[in-house]
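Every chain is named by a letter (A, B, C and D) in the order it is written, and numbering of its residues begins at 1.
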Amino acid sequence: MSKLLKKIERVVFNRGNNEAPFKFHGGLELAPNKLGLDKSIQTIPLPNELVIPLLNYHKQLLEPVVSIGDHVQKGQWLAHNLPCPANGTVRCLEEREVMQAQPLLTQCIVIDVIVSSKTAIPSGTSPTNNCNTISGYNDNDNSTNNLWLETLQQHGLTGLGGAAFPTAAKLQTWVNANNANTKKAVNTSQLATLIINAAECEPSIACDEALMQAHADEIVKGIELLKNRVQCERCVIAIEDSKPRAIAKIKLALEKQLTTTKTDTPIELLTIPTRYPSGAESVLIKIVTGQSIPKSKLPIDFGVVCLNVGTAYAVWQSYQGEPLTSRIISLTGPAMPNPCNVRVSFGTSIEHVLKSTGNESALKNYTIRAGGPLTGFPVRNMQLPVSSKTNCISAHTSNASATVAQPCIRCNACVDVCPEYLLPQQLHWHISAANWQQSRAQNLFDCIECGCCDVVCPSNIELSNYFRYAKAQLLELDWQEEQAKIAQIRYENRNKRLERLKAEREKEIAFRKSKLATKPAQGENNIADAIARAKARQRNKKKS
Amino acid sequence: MSHVSVNTALVRSESPSVQRVMLQVLVALLPGIVALYWLTGPGVLLNVVFACFFAVILECMVLVVRKKSLHGEGTDLSIVVAASLLALSVPPTLPFMHLLFGVLVLVLLGKHVFGGLGQNPFNPAMVAYAALFISFPQSMTLWFNPTELTSVSLLDTLKFKTEVVGQTLSHYPAWDAITKATPLEHLRTLKLNQETISVELANHTVSQAPWIIVSACFFIGGVYLLWRKVIQWQIPVTVIASFAIVSLVWATFGTNSIPNIGYSLFSGALIFGAFFIATDPVTAASSTAGRIVYGTGIGLLAFIIRYFGGYPDGFAFAVLLMNLCVPTIDYAVLKLSQP
Amino acid sequence: MSTVKPQRSGLLLSAAVLTCTLLIITVHWFSEPTIIAAQQKQLNELLDNLLPAKSADNNFKDNVVLIESEALGTLDAQRVYRAELNGEPSGAIITAVSTMGYSGDITLLIGIEYNGTIHAVRVLSHSETPGLGDVIETQKSDWIFKFDQLPTAALTNTYWAVKKNGGEFDRITGATITSNAVIKAVERASSWYRLNRDNLHGKKSVKLNQTIL
Amino acid sequence: MENSTNSNKSLLIEGLWTQNPGLVKLLGLCPLLAVSNSAVNAIGLGIATLFTLLVSNTLVSVFRHHIHTAIRIPLYVLIIATTVTIVELLMRAWFPGMFAALGIFLPLIVTNCLIIGRAEAFASRQSVKQAFIDGLAMGLGFFAVLLILGSAREIIGQGSWLSNANLLFGDLASTWKIEFFDRSNGVLLALLPPGAFIGLGLMLAVKNAIDASLKTKRDTVELLNQRNNQQANT
């Protein structure tokens, strides 16, 4: 059925060339509200202290490779694949709150920044050396590729779209595959496609747009590098049509690129309609290729890799020997005195960011949010450090979502806007009844938490919150189940071991018993012999 | 609960709200109410006012008992809409006591027994209608005879609606002259008497004219709802289309005991129900495909019950039966549409 | 309990069956006369209401003929109880069926005197709509009493309909069909009786297995 | 399995409330729903069921040591069927009107799972006294549900209570009928089968609501006690 639907869709709306993208279900046309794009990107001065969480993408704690008091250099590892953003001294290792929707304390390295001109690079692990061995674009044997991926890893490259997935891991399976077929694990007619996501993920966030306006050439070079490394059959950069200036800049850079290099697969520039959440990975893949990715699969299974435009720039920076230690952040919102886009080192506190951009007054008077209006969250602690996930800080006069939620009347507005074909009202129903497994059966995990349903809900229900909560509950349940299974196996193994030991012991006892059983017999013989001998002796004595 | 919150004020200009939706439904009902007033006299207004008044009072009482905020569920007008729909479905001659029973069923059995707004599997107005229809079949199948209407004043109607309580209708032979069965009830009577109904039907199409106007007014209201995007097109279109197609097929190939399409569509509760009853979002299917299945089911069941069942107009029962199927429809659509 | 032997179980079961059977036989034996009397009393109450008191001196409950006539609604055999006074026919109780009800058949008992005057009509069984058609039961309304003492011989054909259709009967509100069905059935049965009464009273009676109607 | 720890009081509470056959175990719903359209019908069936339950429980308990597992079900059925047949015969003879009103549901008591259920689950393992009291409690519980449902349906449906009492209690009882309003204004829905289902559903809801509120109360008291103890300890 789904295949049939897809086929019909393909025939009826046969799109997918670079002129007209595929349509996706649902979504919302929201006002872009981009602020501060007229200003150039400033790099804000380094703060006195940087706080670097020792937590990787998989929420595992990293083992620090530096100790308290060490002098550290920009680019030097603080832990495995975690480059230091600035020169300084390791002040301490302590638990700090990190920027996350649910407050979380975790181990962080706190660094006292030393603002000084060049100091000698200390000995130790310094990843910057490797990239020198990478030669031109077209040198593409496996060993070079592996070296390149290793460099990306060592430079701490993660996606800059919001999820911060490690870039090297994303590219790994693809880079070393020699032909297009091995690039597709799932048998599809899909071309092996590299998609550069230049559709801003949310309204009012402008960091990608600002980046494109400022660094179009570098971005294109980065894409070219990626394209040649991964050997894709198609390479698309998708930009929303609400960004004419960025589109013009990129177009110009692409043309420039074409004059310098010759290639079979030129980078396509795809202008897509401005419709939230076109910046979400699964939705963008749908828009560009027409392929919907079920949650059980990864885009790479369908021969597609999607990277943020910021990541492409970071790849180019990495190629230039620069590790990823800072990112562009949008300072925006109706109550932000001086909205702008600035480059901020990871580990800088929100307070410092706002103070050094002339937005100090926003700290006192208004609500501060990290992230956009739909997927962001309010921040109360102004000392939280910026990370590669932080794309926006906004200020508001009040928290408008404080309206009281009313009962759901199942008006289906949420169904109409859901890009993942979910039935949010049905999920809400199941979750309200704590029917976790039922919500899983209704594909809860396909939810991308875009928040479209929250926007259209006439009853002001915070639907995506329910979904986050239910996901957490389900993961917890799964974990418990797994633990129970492990415990069960452990218990069974223990029982087996005990049985084995018991059997051995019994065997031993049986063996000893049998030994004992034979011994007394011998003993009797001995006695009998002794008696016989004694008697014989007596007889002999008598005889003699 | 996590601390993420969508700042909806940042991205939406006009905030949709349940009150606004309900208000639009009430506005859409106005032409139909006016037409019914013109056709059947002041009884319909009395019904609407009385039903809404008691429904609101009862709703507030229940909310107090259930320790719920009056600001949330009490002011969202949903109960006013449901009570109005019930009041428009029942005859204008219905005694107040019977209507009160209907409102009781609507609020208690239709809505709050299941947990209040949004939790009820069955359309509350139709639950109340069905309960009334089964409980008081005499007063539920009686309407003012439009041709005698000029002689019925507001005072007369009030008298009828209050005094008849406690008495059998047959004790009021005088009222026999100015009341009559609904057109569909009449049709059924004819059919059961095994008389040829084609002549009657021809005459009836003429006397049908006022009913067509009433249906047309409800149709206008329904189009307004579609225009304001309060309802989606799938349900009304499929209800009417499936009913029309089956009627057409039956009238062409079946026996002559089925009236023509125009008569079929504009008599009874079909138009009113297709736009206002079946589209109740709480009890309808969710997805587009689901709504199509749901609407088609209602149209077919309404046809079957009307022409082959035990009741003259089975729209309420068709809706209730399809309400039962909604979870299954939703689930099936979800399973089929996802890879 | 598992120590009990199977043979013993069988014996126990047989003994229990025997005891129970004996018990039931005993109870049946001493309650049977009362049961028959109660049934007879019920029947008598029903039938006695259908004919005038002291209009019969024969045991008309046993004086039954089975009639197959379309006039009685169906072609199935219907019972007719014949009453006699001093050896002369004095009336009959006719079982008639109407197939024209709103839902399903309506079975009627019509008590009619020899001169054609209806003494009373009662409904034996029906499945009319509760609240509408079921008011033909005596418990629910007194509509059915409208047939009492109706001199059918003196009535014209137009009399037998509800007022709305030009007849003389009040209809049951909301149940024109049911009213008409009963009226028509009574009309046909009474006219059939007037035409066939002499023939009917001459017939030999049949012995019925059941006494319950 | 013999234990006599069940006090008579707890057995009665179980039958009437916590393990009520009509509201908790939902046993014997067919006659319960079908016959509860008037108070007198309900009383008639209630008494018949109560009597059958008493007799079968007692007999099963008396013979519990002599019944082999293999033949226990046929024996229970035999005992129950005999009791029901006797009840039926007696009713036909002395309460013919009641017998006619109850119709098929009187002989159908044989198949009421409540009776065989109690015989199998309780009477076959307990002393005669316990089994008798259990039969009484369960029968009374069933009787109570029938009576409440029957009364409610009769009052709402036809505006009267205890009509036709003469069928059960003799001609003297024909004056017992209490009339609240005219029959023609009754809510017919209550008398018809759907009314039985709705009525039982509402009774279940009320019972659960009472249980829930009792539990909250008990929990609160316990919590307070715990707190007091803690304070006392500190």
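What we mean here is this: contacts are C-beta pairs under 8 Å (C-beta built on N, C-alpha and C of every residue); 3 or more make two chains touch, one makes a residue touch a chain.
Computed from a prediction, not measured in an experiment: that's the story for all the values here.
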Shared interface partners, meaning chains that touch chain C and chain D: B
Chain whose Cα mean lies nearest the overall Cα mean: B
Chain centre separation (chain A, chain C; CA means) in Å: 85
Geometric centre distance via CA averages, chain D-chain A, whole Å: 62
Chain B-chain C separation of Cα centroids, rounded to whole Å: 43
Centre-to-centre distance between chain D and chain B (centres being mean Cα positions), rounded to whole Å: 40
Junction residues of chain B - those touching two or more other chains: 134-137, 168
Residues of chain D touching at least two other chains: 184, 188, 192
Residue ranges of chain D in contact with chain B within the complex: 181-182, 184-185, 187-190, 192, 194, 198, 202, 205
Interfacial residue positions of chain D with respect to chain C in the complex: 65-71, 74-75, 78-79, 81-82, 85-86, 89-90, 92-94, 96, 100, 183-184, 188, 191-192
Complex contacts: residues of chain B adjacent to chain D: 97, 101, 109, 113, 131, 134-137, 165-168
Of chain A, residues touching chain B in the complex: 1-3, 5, 28, 30-31, 33, 101-103, 203-204, 292, 294, 333-334, 369, 373-378, 396, 399-401, 404, 406-413, 415, 421, 423, 425-426, 442-443, 446, 449, 451, 454-460, 462, 464-465, 468-469, 472
Complex contacts: residues of chain B adjacent to chain C: 134-138, 141-142, 168-170, 173, 176, 181, 189, 192-194, 310
